[in-house]
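Two complexes follow with chain A in common, the first pairing it with chain B and the second with chain C.
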Partner chain A sequence: MLIRLTGQIDSTNAAQLEQEIMARLDGQEDRSVIFDASELKYISSAGLRVLLRIRKSYPDVRVTDVRSDVYEIFEMTGFTEMMPIEKAYRVVSVEGCEEIGRGANGTIYRIDQDNVVKVYNNADALADIQHEREVAKLALILGIPTAISYDVVKVGDSYGSVFELLNARSFSKILTTEPDKMDWCVKEYIELLKKIHSTLVPEGKLPDMKETVLSWAGFMQDYLPEEAGKKLLAMVEAVPHDDHMIHGDYHTKNVELQDDEVLLIDMDTLAVGHPVFELASMFNAFVGYSELHHEVIESFQGFDFETGTTFWRKSLAAYLGTSCETKIREVEDKARIIGYTRLIRRSIRRNGLETEEGSAEIAFWKERLMELLERTDVLTFSDQEMEIEAVTDNLPEVQAFVKERLDTTNCPPKAKMQIALAVEEIFVNIANYAYAPEKGKAAVRVEVSEEPVTVTITFVDHGVPYDPLAKEDPDTGLPADEREIGGLGIFLTKKIMDDVTYTYKDGQNILTLKKNL
Partner chain B sequence: MTYPSKIDLHIHTKVSDGTDLPAEIIAHVSKSGIGLFSVTDHDAVKACRVILSLLAESDPAFITGVELSCRDEQGKYHILGYGYDPDAESIRKLVDKGHRIRIGKVSARLDRLKSEFGISFPQDELDALFALDNPGKPHIANMMVSHGFAQSKEQAIREFINRIRLKNEFISPEEAIRSIRDSGGIAILAHPSYGDGDQLILGEEMDERLRLLMDLGLQGVEAFYSGFTPRLCREMLSFAERYALYVTAGSDYHGENKMVMLGDTGLGDSGEWPEGLRRFLKDARIHGQHEI
Partner chain C sequence: MLKVNRTVENEKVEISLEGELDTVTAPEFEAELREVISGATSLVLDLEKLEYISSAGLRVLLIAQKAMNQQGEMKVVHVNDSIMDIFEVTGFSEILTIE
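== the complex of A and B ==
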């Protein structure tokens, strides 16, 4: 039943109004009540209590078309948490306005000097707007700098939310107009990303990105060879649950510089999950999406494919804190697996398999995905760990990786030299013996723990079981040419490090070196 | 101490502007499954004296109560007094003063209705009016309607009675709190977020109000109230926690005059009561049900 509320409702007329409303509702078949508040100018607490009491008898109550000053009363008193209360919306036109951002769910326009409006793609966007507002509030509470919409407006057939964004410029715009600021952008962009990824989200507050990616992988089962499809699904399933925040659409149009502050916008995709899911969407935004047709990125980001690729590679290097190509490529490959999965699914759903446009794209991405699935076994990564072909030529890369990790600590130069020496002995050992005459991979992990400050370096290979510690220490009392060949490196390592342990588990040789600083 | 599963500490009787007689209240409270109740008439303790004299062993437990309308330069307040001795001189004097002010206002209004609008009533009706425990605007308005001076009670109040400005005479919160405490009672701010009934006081303004009243001896807040949303309740509970205040729960039942059910306080029956409420029930003087 629709009931119009008009003028003022306060203690002078609340009781009378209540009686009238109850009389009208009494005996009605339809138990739902809609209050049209377009003519309601004021409601006092006596009036609020009338609504509360009506709701007790008729739980299905909603209030529509509420003026913003009256809405504020409902919001302050918590009524908006108890029943659907819909604002009357201001109408805004975005014709001729500058487009400053575009995401999966909407487009952002600057409507004047200080304000922007995000217009949602779907007509029934009020729930999405509410969702974005809630997650933006949550992010802000958790310490992520973001803008929160202060008004909802009607734009054409859809809705938009209005944000205050003073003199803000997106990173895309900065990269386009001031290419020399690339390194500065990378630094700020990654600093914010690390902050997002280190933010723990209370359970249940945000969707789990893994669920979404699982559904993509599930979709792909019909379009990939059985083996490959199964492997993809198993790899996604093996990604451990992670309660840290991810943005979900973290590209340079969604990062704004306002005065000196870097702000995150477009929060509707906020989720929790492993960072690899984030990197996947970043790869797509800068590379994957326009990998076949390079000009695509320009219409979206404003800068060209080369800039996008450079920005992505530099960002990934900064994120992983390494210049080690092998490490960067390793993580990029993991991101690409999820990225291509998403792109293929998107293309199939959008264009179908039949169209020329669609089938070309799909074939292009699928070829890459198949190749990646062939040589990748896990999607997770750690910036403390690298996997590399165990050949002596790769020693400099391993050394550089270990050094980068140690550079972030207060490790004294002498200890660094000793560690480098030990790393060399062990890695060369693996390179020479673990897989001979074949070749294989080794993983190197560097961990630093506090109090006491200890560096732990772990080497893992899948080669023949071999315990280097089982060998007796060589007799260093003998002249050099009388000593048994080999074993000296391990002896040296044991001397330099504070603890060296070996285990063989699940087909892996695991050698751990510890050094107290 | 074992707690009753349902309580209601804010109930009006016919002694003020409710419609149930004190004896009827006891019966209704029992029927509603309420194990502990208080009667809190506006500026009157008569119903509590009556109930104390009627209370049987099988009846729900009872706490004496009163709701005092007061004001000062800062605003208007309704202050609840609980567990006082209804025979104590201090509370009786204050209630008498309240009644005197009320009667004074009624006769001033009647005088001005006559002089300004030419509205007058037969003597027998006036006598009946002044014989009421708690005569006020609604009673005058009803008489105006029955004599055809106005079409509705609301119109009578809006267009005639409220146009008459009376000189201010009132009970201050300081007096109210002092009398309650001097009579062995606990002073609680009624429906705090709603001020004296139709205001909206939140956040810092509420904080300021509470600090002023606490300086005067206020001991608690009615955080559970039938007219509160969960948010208002949460806000009051957090103030109670911050200032170590007592917490009470009341419906503000008025019988036929308001569509509020007995026991509708928002407290819920989970048994997870806030510490401030448990402490209140421990410290307030409870009658009946073997003093719980």
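== the complex of A and C ==
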């Protein structure tokens, strides 16, 4: 039975209203009650109590078309959680409005100077809107600067959520109109990203990105050679669970500058997981998506492919805190594996294999994915560790990487020099002997512990088992003509470090240097 | 990076080093040094601006010292503290004539 509520309901008319309604409901076969609140202007607690008493006799009660100020009363008093209460949606048009953001699930338009609306692609988006609101609230509570929607509106046949966003400009717009601000954008963009990635999310509050990526890898089994497919799946499975937040769609249209504050928008993809999953979606947004047809990025971000690529590379360098090309490439390759996987799946699901253009795109990404799968074994990375071909030509890069790690500590210049010396001796030793006459890789890890402040540098190679420490020390008391030329490196290392240890484990030479500061 | 400045007067050679004498820079310096000291009777190495030396650099100094022992004399001058540490640890402070 439909009952219309009108005007004000308070202690002056509540009792009378209750009698009237009860009388109308009495004897009805249909026990469900719908209150049409489109003309309801106010309801006091006396009125609310009437609704509760009616609900006791007729549990199937709903209130529809509630004006937003009245809806607030229902929300504040907890009624929205007790019974279905539906807002009357304001109708908003986005015709002629500037598009300021676009994500997987919707498009954001500016509707006036102070407000933006996110219009959802899915026509039945109320659940999505609710979800985004929940996760945005969660992010805000956990310290991430974001906007939370305050109203749900109707936009044509779709729903939209409205946010207050004053004087805001997206980073895409800044990069497009003020290219000289690139470095500033990188800095702010990465600072916010690091904040997101260092935010621990209480268990179960957000979906696990690994599960999603596992489903992509599973999908790919039918489209990759068996061996490659299995390797992809195993690599994703091996990524450890991570309870830190990731945004999931972190590109420059979703980062806004509002006055002096950097704000994150489009929160519906928020998840937890390893940062490599985030980097994968960033790679796609700036490079992967438009890698075959460079013009694609312009319609999406506003700036050109070159700007996107430069921004991505600079951002990755800043994120990893390194300028070492080898390190940047290593992590980029891991991101690309997941990125291409996602792009191929997406294209196939949109029937890409049935069109010429789609097939060309899929083949392009697949070729790259296959090549990456060939030479990559793990998807995780650490910004304290780099893997590099062990050849002396790479020594400057290793030194630069170690130095960058030490620059963030209070390492005195003398200790820095001694550490550089030890790093050179050990790395050159590996380059000369570990794989000769073949070539191979070495991993270098830098760790700094507090109290006492100790720098630990670990070298790992897969070469022939060799303990450089076993060699006898040279006699430093001999005169020049009797001294052997060479053989000083390891001795010097032992002398200037506080501890040097060697172990051979699981086919790896592991050499560790320790320096107390 | 290593900058090598040299002056040759008759059989006297003076070389000043600036920067880093390491695995990367040592081979080129070794070749240059071997060429320039052939026939020299005096070699002075000025290390005032040398910031870094590794075993690859020490190796070149030892080669020079051995060669000059045969044909004349060699001095190392203006050694700064951090390089001196390395000389001491490796016994080079005894091998080289340091002023």
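Quick note on the criterion: the second predicted complex is superposed on the first by the 438 of 517 C-alpha atoms of A that agree within 3 Å, B and C clash if a C-alpha of one lies under 4 Å from a C-alpha of the other, contacts with A are read in each partner's own complex, and residues count from 1 in each chain.
Throughout what follows, contacts are C-beta pairs under 8 Å (C-beta built on N, C-alpha and C of every residue); 3 or more make two chains touch, one makes a residue touch a chain.
Remember, predicted model here, so these are calculated numbers, not experimental data.
Undergrad: A:K195 contacts which: chain B (first), chain C (second), both, neither?
TA: A:K195 contacts neither chain B nor chain C.
Undergrad: Name the contact category of A:K514: first (chain B only), second (chain C only), both, or neither.
TA: Neither partner.
Undergrad: Could you look at A:L492 and tell me whether it touches chain B, chain C, both or neither (first, second, both, neither)?
TA: The second partner, chain C, only.
Undergrad: Between chain B (first) and chain C (second), which does A:M417 come into contact with in this model arrangement: first, second, both, or neither?
TA: The second partner, chain C, only.
Undergrad: According to the stated criteria, A:K403 is in contact with first (chain B), second (chain C), both, or neither; which is it?
TA: After superposing on A, A:K403 lies clear of both chain B and chain C.
Undergrad: If we overlay the two complexes on their shared chain A, which of chain B and chain C does A:R346 touch? Say first, second, both or neither.
TA: So A:R346 meets neither chain B nor chain C here.
Undergrad: I'd like to know which partner A:E425 touches here: chain B for first, chain C for second, both or neither.
TA: A:E425: touches chain C, not chain B.
Undergrad: Looking at chain A, which of its residues have contacts with both chain B and chain C?
TA: none
Undergrad: Going by the contact rule at the top, pick out the chain A residues touching chain B in the complex.
TA: Within the complex, chain A touches chain B at residues 10-13, 15-16, 18, 22, 44-46, 48-49, 52-53, 56, 73, 76-79, 81-82.
Undergrad: In their shared complex, at which residues does chain B touch chain A?
TA: 152-154, 157-158, 162, 193-195, 197-200, 202, 226-227, 229-232, 234, 258-261, 264
Undergrad: Per the contact definition, I'd like the list of chain C residues that touch chain A in the complex.
TA: Listed in rising order, the residues are 22-24, 51-52, 54-56, 58-59, 62-63, 65-66, 69, 82, 85-86, 89-91, 94-96.
Undergrad: Touching chain C in the complex: which residues of chain A?
TA: Where chain A meets chain C, its residues are 392, 395-396, 414, 417, 420-421, 424-425, 428, 476-481, 483, 485-486, 488-489, 491-492, 495-496.
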